[in-house]
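We call the chains A, B, C and D, going by the order they appear; numbering starts again at 1 in every chain.
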Amino acid sequence: MQEFLQQMVNGLSLGAIYALIALGYTMVYGIIMLINFAHGDILMVGAYIGFFSVVVLGTNIFVAMAIAMIACAVLGVVIEKVAYRPLRNSTRIAALITAIGVSFFLEYTTIFFLTPNQRVYPAEAFPVTNYDVMGITLSSKDIFVFISAVVLMVILQYIIKRTKTGKAMRAVSLDKEAAMLMGISVDKTISITFAIGSALAAAAGVMIGVYYNSINPLMGIIPGLKAFVAAVLGGIGIIPGAMVGGFLMGILETLVSGYGSSLYRDAVAFGVLIIILLIKPTGLFGKNTGEKV
Amino acid sequence: MSVMIIEHLHKSFGGLSAVLDFNAYLEEQELIGLIGPNGAGKTTVFNLITGVYKPDEGTIRFAGQNITGLPPYEICSRGIARTFQNIRLFKDLTVLDNVRIALHKDVQYPLLSAVFRSPGFFKGEADIRKEADEFLEIFNLADKRDEIASNLPYGEQRRLEIARALATHPRLLILDEPAAGMNPQETAELMELIRSIRQQFNLTILLIEHDMSLVMGVCERIYVLDYGQIIAEGSPEEIRNNKRVIEAYLGEEVS
Amino acid sequence: MRIRRKVSMLVLMLFMLSIVAGCSQGGDNGAAQQEGDTIKVGINTELSGPVASYGSNAANGALLAIEEINAAGGVLGKQLDPLSRDCKSIPDEAMSVSAALVGEKIVAQIGPLTSGNVAGSTPVMMENQIPLLAPAATAVNVTVDEKTNKVRDFIFRVCYRDSDQGQRMANFALEDLNVKNAAIYGSTSDDYATGLAKYFKEEFTSKGGTIVAEEGFVNGDKDFRATLTKIKSADPEFIYVPGYYTEVAVLIKQAREMGITCPIGGGDGWDSPDMVSVAGAEALNNTYFTNHYSVEDPDPAIQSFVEAYKAKYNKLPDSFAALGYDAARLLADAIERAGEADPVKVKEALEATKDFPGITGTMSIDENHNPVKNIVVIEYKDGNLISR
Amino acid sequence: MQKTQHFKPVQFIIEVGILVVIFTLVQYLISAGLLNQYYQINLASICINIILAVSLNLINGFTGQLSLGHAGFMAVGAYASVIMTTYMELPFIVGIIAACLAAALAGFIIGVPTLRLRGDYLAIATLGFGEIIRVVLQNIDYVNGPAGIMGISKLSTWPWLFGSVVITILVIVNLVNSSYGRAIISVREDEVAAELMGVNTTKYKVLAFVVGAMFAGLAGALYAHYFYIIKPETFNFMKSFDILVMVVLGGLGSTTGAIIAAIFITVLTAALQSFPAIRMILYAVILVTVMIYRPQGLMGNRELGRRTFGRLWGDKK
């Protein structure tokens, strides 16, 4: 039982990170139907910016995270403007290939300037304390990751449900043309969506840096892929789906490594995804929108 | 003899009944109209017959066999073909290919023959081409055979859709608002066309139409649907004078 | 329409350009104009893809060595001309790069790093009779064909094999640490780590030890706690963690955080200045790994290498950098001994290597083209590396 | 736009003649030692990539089903053939046949359940299956796990490569330009309408998937017997993306486009070897630029073929 609870704690912090990344995927998908494969690499850039602001500027981790989020928000907007906007009326698969290109570009530009070697988040950036709660080890990092992720998700929910921007985002994702006729600036709304999604990825990047200490230019690929799977699991384009999918993915992975065989962990994660899709072809929260004939 | 018998058909979407206890029969080579106000469930009935939706209850018998719940391609191969309210051509393909795809289900050569280009393939293709040309001829589309379907004017797209449906060799042809968006002259031509293809191909035709002149002009018998239920059935004359029908339509107009 | 045509032209031109570039690349088959004044050395390493950091560090090491050699007057009075290429961490690309380098008349090739990519490059080198020096390919079958037991004539390495390392650690655990049982938790995504695990297990069990748990992780993993929880409940006296520092450092840190206190061992993949900064000095106490050298070794040759590397690349050299450096220096030495820059003669000189003073140990090449050198077991003690 | 097929003996002879000339010319260059190894390797890569791109184009381009698991089928083919030739020491042809059958079977097993999914859900499911194949191979000791199999004989000679390319293109072009091909294309155009016109869309999706997988398996077999070593990591999702890039770059639904793009990407990759530091950056920039200026791919969905050449020759149809 204790072991199980420990696994759940591990799974929840991992899941919180996946959920944050998955949110960015799902928001961008919801609004322009693009699988933004460069999303994981924005996370990487965020992790590096966080790293440099701790090491060079000497900020504390929260300020570093804020700086990374702002910088990546700008980066996300620029990427959308330069690479995705010209393709908005093209096929989605062309945009997908462009996203793969952008992903390579971010990875290898970083490698070019910063070498492919990993960097280490300084230990003093975030002092670790372990709490022993009924035999379960709770690290201050777990708490940091979990709480910041939840806070960011609550803020996101607020923005989407309560603010004008959020309403505009929902409107654009439902029907771009109608939104435009209602006086909503579609371009601006899409930019904001990229900004928010990228900022969340940056936050996740800094969290990964703090949580696992080391960062490298290719660090975004695997979490990016996993988060994408999580977003699809929840029903891509659906915000609560991404959160649930992220947590589910995190917990599932920890349980498979903990009780099954860690050798097959990735296979099992994908296997579960496929089984869920076969039962619910549009993900857990997806509506089965039967085509109108 | 009835070519199709529909009994107690029921379909609801999320608790809302779209079709409720629908009963109907279609006689061989009859031309039947299905009318009713907007949202009465006419297209849903078509979708149930052609297998796009699975009915919740009820049976559909066609040519003596129960076809309820079969997949659409299976229903098509039993001899039911249709057109769509908002045209659904293969719009990036040529006019000819649109018709040839419909001819595919009766393709005469096996897959391997296509891959290895055996003599059977060339003969089969020639036959398909010949037959497709015949259909295009009938619908006056022969000289447009290499045009991309979406480049055709609206009326011709409608005609192509009917040609494509006919190419599946149906016994029952279902037309969903074939005259929608047509001008009176085009509509008149269409009426003529519908009559003549029924003759030529021994068809039973079921159509939904808003254009009353067309319905009253060509149909021999009419079903009137309102709120998913049949409220009247009879000859055009009977329907014109039916109280409930007038109410349903007037009611609609008033609201 | 006009714009579209222009764009098509642009694309077409790009296409042409790339073909031309492709031609100029492999094309100078008979280009002998430079033959006189320089000796071309191919450096075919992973500069992009998943193991880019190993490849680029080794290439850096090799380039540093070549720079130093050239500054000291070169080899046989000629300058070495390093041709550095990227093999994308894919075997087929490694083969294509090798063929391109062969077309440029290299005298030998350094790299690639991983055994799989060396294997991709091997047939080309064998066919053209040009020596390949693998800095860090540790799989046993890199230099010997396992089926026929024949040595691959032109393939050499400057690192020791997986079997050597795995066996060394097994013996160290049994004899020096006095443990009776062990758990294995290594990377499963590369042959290097699975090789180490395999030979460790063989040696450990054949000498009376028992393996109580066997788990694996995948490169790129960041979270090991689930499996560690499982291993903890098996209560091993020793955990063998073959893999690279990128994962291992995090793994050890998490293990210690979870209260796993037993000794932990690993291989040369652990070697990196980042180990201490990621895992923390305290977590690394009571951990041991087999290695090629230690940056903290007071040996003057090592210290001057470390200084030079730091000066040039602004970071500490890891094992890959040291092995790349040694590979380039051994090659220069062999060319010197061969008396001329002829691949076959260089190969013979390499085979005859005896007591070459590398910074990863003094090495002689044995009949299987493996270096004979000491395997150091290094212990972490409060963040310092202590040779055992 | 499909033309009606007639058997045209003269054209047939000319086409066969062109193929024979190309084949003999390259064979001569190789045996006379005029084509150095570097070109030979890139030629082999081009052939293998053409097979991969053309076969994926059948699935993604003609059938309109976004599949991201092509590398998985390639892996199945590669391993199946190597087990036959290297482990069982059977002739190469047995390996090739085994590769095709195994990959086709894998395509069937994966295709039947997943092809019910649409769009991105299908994409992620196929990506998942591709990764599952890789992870499973990594955990099978019989095929050496992550280390892979080394020392595979180089059996993929020019005749095999050329023959395989010709057969792949021929089969897929012939398939597409038939009534069956029109049925496949109708699935892409409008699945509901196709179904209502009597096309069993599931059957044709699976058919395209199986045929595509089969040729990916063929490519895998050729790859394994050219590049000496196979390991699971080579066939990861990045490899699937590489193939997808070729297909989209060439133009979805254009076989000639897929061929041109496969050549283009292979040559580009080789050319960029000389710029090790900025190789991938240049690749990324070229990719994004081409996609922005030519989102429909180099060829759109048109084909470069007899008609185009016919026009060039001033030949009136």
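Before moving on, here are some points about what is shown:
To be clear about the criterion, contacts are C-beta pairs under 8 Å (C-beta built on N, C-alpha and C of every residue); 3 or more make two chains touch, one makes a residue touch a chain.
Quick caveat, the model's predicted, so the values are computed rather than measured.
Fewest steps needed to get from chain B to chain C, stepping only to touching chains, is 2. When each chain is reduced to the average of its Cα atoms, C sits farthest from chain B.
Relative to the centroid of all protein Cα atoms, the closest per-chain Cα centroid is that of D. For the pair chain A and chain B, the distance between mean C-alpha positions equals 48 Å. If each chain is reduced to the centroid of its CA atoms, chain C and chain D end up 34 Å from each other. Among all residues of chain A, those that touch two or more other chains are 108, 111, 263, 266, 293.
Residues of chain B in contact with at least two other chains: 52, 84, 88.
Each of residues 138-139, 192, 277, 279-280 in chain D touches at least two other chains. Those residues of chain D whose C-beta lies close enough to touch chain A in the complex are 60, 66, 113-114, 116-118, 120-121, 123-125, 127-129, 131-132, 135-136, 138-139, 192, 237, 241, 244-245, 248-249, 252, 277-281, 283-285, 287-288, 291-292, 295-297. Across the interface of their complex, chain D is touched by residues 50-52, 71-74, 76-77, 81-82, 84, 88-94, 96-97, 100-105, 107, 109, 111, 114-117, 119, 121-122, 124-126, 128-129, 146, 164-165, 168 of chain B.
Taken in their complex, chain D has these residues touching chain C: 36-42, 45, 138-139, 144-148, 150-151, 154, 223, 226-231, 233-234, 264, 267-274, 276-277, 279-280, 286, 290, 293-294, 298. The touching residues of chain A, counted against chain D in their complex, run 29, 35, 83, 86-87, 90-91, 93-98, 100-105, 107-109, 111-112, 225, 228-229, 232, 236, 263-264, 266-267, 270-271, 273-274, 277-278, 281-283, 291, 293.
If you check the complex, the residues on chain C that touch chain A are 47-48, 50, 52-53, 55-57, 188, 215-218, 220-227, 229-230, 233, 246, 249-250, 253, 257-259, 274, 277-280, 313, 315.
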